[in-house]
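Can you keep this structure in mind? I'll have questions shortly.
Each chain carries a letter (A, B and C) given by its place in the written order, and its residues are counted from 1.
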Amino acid sequence: MNQAPLSGSPLLELQALNCRFGGLRALDRVSLAVKSGEIFGLIGPNGAGKTTLFNLISGLTAASGGRILWRGQPISGLRPDRIARLGLARTFQNLRLFASMSALENVLVGLHGRGRTPLVAGLLGTAAFRRRQRELEAQAFNLLELLELAPLAQQSAGSLSYGNQRRLEIARALATGPRLLLLDEPAAGLNPAEKSELSALIRLLRQRFDLTVLIIEHHVPLMMDLCDRLAVLNFGERIALGTPELVRRDPAVIEAYLGGAVEEAS
Amino acid sequence: MPLDASLLVQMLLGALLGLSVYLPLRAGQLSLATPGFYAIGGYTAALLSTRFPALAGDGALYPLPSLLLELVLAALIAGALALAIGGPVLKLKGIYLAIATIALVEILRVLNLNLGFTGGATGLFAIPQPFEGPVGYLLLSLAVLALVCWLCARLERLRLGRAMEAIREDELAAACMGLDTARVKLLSFLFSALVAAVAGVISAHFLNTWNARQGSFDASITTLAFVVFGGSRTWLGPVVGGLALTALPELLRPVGDLRLVVYGLVILLGPILFPQGLITPELLRRLRWPFRQTSAEAPAP
Amino acid sequence: MDHLLQLLVNGLSSGAVYALFALGYTLVFSVLGVINFAHGAVFTLGAYFTYLLIGGAVGANGLLAGLQLPFTLPFPLALLLAGVGAAAVSLLVEAAAFRPLRRRGADPLLALISSLGAGVILVNLLQLLVGAESYAIPTSALGTLPAAVSLGGAQVRTVQLLLMAIAALVVVVLTLWLERSRGGKALQAVAEDPTTARLLGINSDRMVQLAFGVSGFLAGVAGGLVGLSVSIAGPYFGIGYGLKGLGVLVLGGLGSVPGAVLGGLIVGLAEALVPADYSGFKDAVAYAFLFAVLLLRPRGLLGRPTITKV
């Protein structure tokens, strides 16, 4: 599980991914490779296919063509839970927390895979089981603390503020023990102060958990600052790829952003 | 007095059936297959006890070990069926699952009505009695209900119970957190089948006769009403719903001919007045009910 | 050959009843996303209304024992009025069991239960009023029409022809109405997307009432015709049909008008083709079909997959 990827071979590789919804080409032969340890950004106008790309990677939507390789192995066609257990965790653009469960319970669901105990031991509440349970709760609590949600641990997820829900989504995803964290617009709806805190947080998480991060975000300055590399999608096509400096000067990107009327951050 | 004990037995069995509907619903699955598994339990008991003299023993009363054997066999049969059909059926969502499980109940009913060995429309008679009177049944059903309640209460604190709740809240997000949703749903369906089959075994002896009417579409909906009425977010809800709604038609006897109309009125108004059901986790917390303290409500470390 | 033709006619005419039933469910389902469990009771009421309106007398057992309307209507008019009466009851059901929950945006599951309650009330009130005995609508209600006609060697009862003709008519009119008229289009708009429809100024409450009214009317007419065809077997007689209609509905695909018709015909024909020796198993045919189809096509034969955007 924790073996380092072969030197040079990417952690996640997308090869000519296609996705069609009826007549709409949501993704058109998109290829890119995410290296272990980097923060990789995905930008593009609304409807460009960014979330669709996440859905393909996490197994929610079937690709119409192309391949997804995880540490060199194809994972297309696997169920979402299998993919998650391989070490890919995600957050959702339109927050999908377990709303009536507490913040702590949300994180505990993320920890599900690590809490394996015999059912009988659980039913009888043996000492070993209780110890394991306390450990898990402590772990969950630590994650909440890291994301500054500890005081809200017992509140129901649905009652948290928008910014807190966004961070709880990250905590829950981290709980699954991922190698790759997929963040879908984690800064949406946050105020400028929260946005700059988020950058620092993502760097901290990468370092602390030895993570690779694939992040979608509209706020271009934040992305230029945060990401090691960026890919730009427009109408389902990858129109640019490279370091922030390179992408910033790419004529196709400038065209897409100036041509596209809907861009809040430019 | 004997009449009251009989009613109590029926109420306890109603509570068990409520729990059987509740278990899959807790994982977000609206399965109405409970009466089908209940019927399987009943037929297993009726057939074994009337067709196999060896099981009946020589005494006046049906031996308890034979009853235990019936319980085990019924659970095995119902469990096997649940595992066999659960895989494909639980891929269906929402109302499609509900209707598919109703279809299952109806198919079983028609088979039971027409197959020779189930006694056809008249069913099976003279099912031997393991107890002298209703009090024995009362104790047995009480013990079974207590056991199932205890299991449900424990389940709510376990990893599996939390997984069920997560699937109910958002199945897709739960899968993305690595939960094997298909397996969790199948387990909840299996538990539901086991509880219903056990209730069926007790019920067959208690009623002394068994026929295809015992597991019908009406029963599907009535048992669902137990859960919606009592509340579907903690195990106590379906228990209260099952007890209350089973007793209601009897308690309404003084109303005479109007009683089923009033019963309908209660079912109509229940969801409107108590959309969460009578019993909710919030209510229990306010009343400091000791049994549902999920781990997450314990003081933080 | 004659025999086969006979079976075909029998199958098509009972399929027509199932289709009428499923159409009623589907109308309500497509606007509200809920199944109306009182639909079978509304159908039953339609049958009793028809019986009373053609001059039938209430038996000796209910509170209304011996009641007979002071007038006698010809069957077509009675059927039409019964449909209107059933529509009115259906609207009542909507107001009592659905509207309070809709206002609150409650879980559709709740409406399923409360509509069941409404159905229980209707059926038991009916039993209280007219007793549990069965009533027959005499074929003489058809007046000068012959009770049966011979068609290519098969004896086809006039009622069966009527059922098929009316079902066909209903499907055509309903489809035209949904596709062409303002009201029908508005109804579809609400079904597709209630929020947008509201922004377009469509009163969704009115559309819901429309759906309940039309579906109640269809159920009432179907009830009257079935009453004429096989007699009214007591206040509970709609429940079996209601359940089978539900199976047909899901078989065809929820919310699909052609699906409801297709499902009805498939089940009707399949039931008719069950050999006489196994007629006891007939009732399982619809459900076996349904079960098999759902496993292969989780949205029914003609149902559209719902799009869930993540």
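One rule holds in what follows: a residue touches a chain if its C-beta (ideal position, glycine included) is under 8 Å from a C-beta of that chain, and two chains touch if they have at least 3 such contacts.
Keep in mind it's a predicted model, so treat the numbers as computed, not measured.
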Chain closest to the middle [Cα centroid of all protein chains]: B
Which two chains share the largest set of C-beta contact pairs: B-C
Gap in Å, rounded to a whole number, between the CA centres of chain C and chain A: 49
Separation of mean Cα positions, chain C and chain B [Å, integer]: 31
Rounded Å distance, chain A centre to chain B centre (Cα mean): 41
Where chain C touches two or more other chains, by residue: 310
Multi-chain contact sites of chain B, meaning residues that touch two or more partners: 172
Multi-partner residues of chain A (each touching 2 or more other chains): 60, 92, 96
Interface residues, chain C side, partner chain B - complex: 35, 37, 96-97, 100-101, 104, 106-114, 116-125, 127-128, 239, 243, 246-247, 250, 254, 278, 280-281, 283-284, 287-288, 290-291, 294-295, 298-300, 308, 310
Contact set on chain B toward chain C in their complex: 30, 88-89, 91-93, 95-96, 99-100, 102-104, 106-107, 110-111, 113-114, 172, 217-218, 221, 224-225, 228-229, 257-258, 260-261, 263-272, 275
Complex interface listing, chain A residues touching chain B: 58, 60, 79-81, 84-85, 89-90, 92, 96-102, 104-105, 108-110, 112-113, 115-117, 119, 122-123, 125, 133-134, 137-138, 141, 150, 153-154, 172-173, 175-176
Chain B residues touching chain A - in the complex, by the definition given at the top: 151, 154-155, 158-160, 162-163, 165-166, 169-170, 172-182, 294-298, 300-301
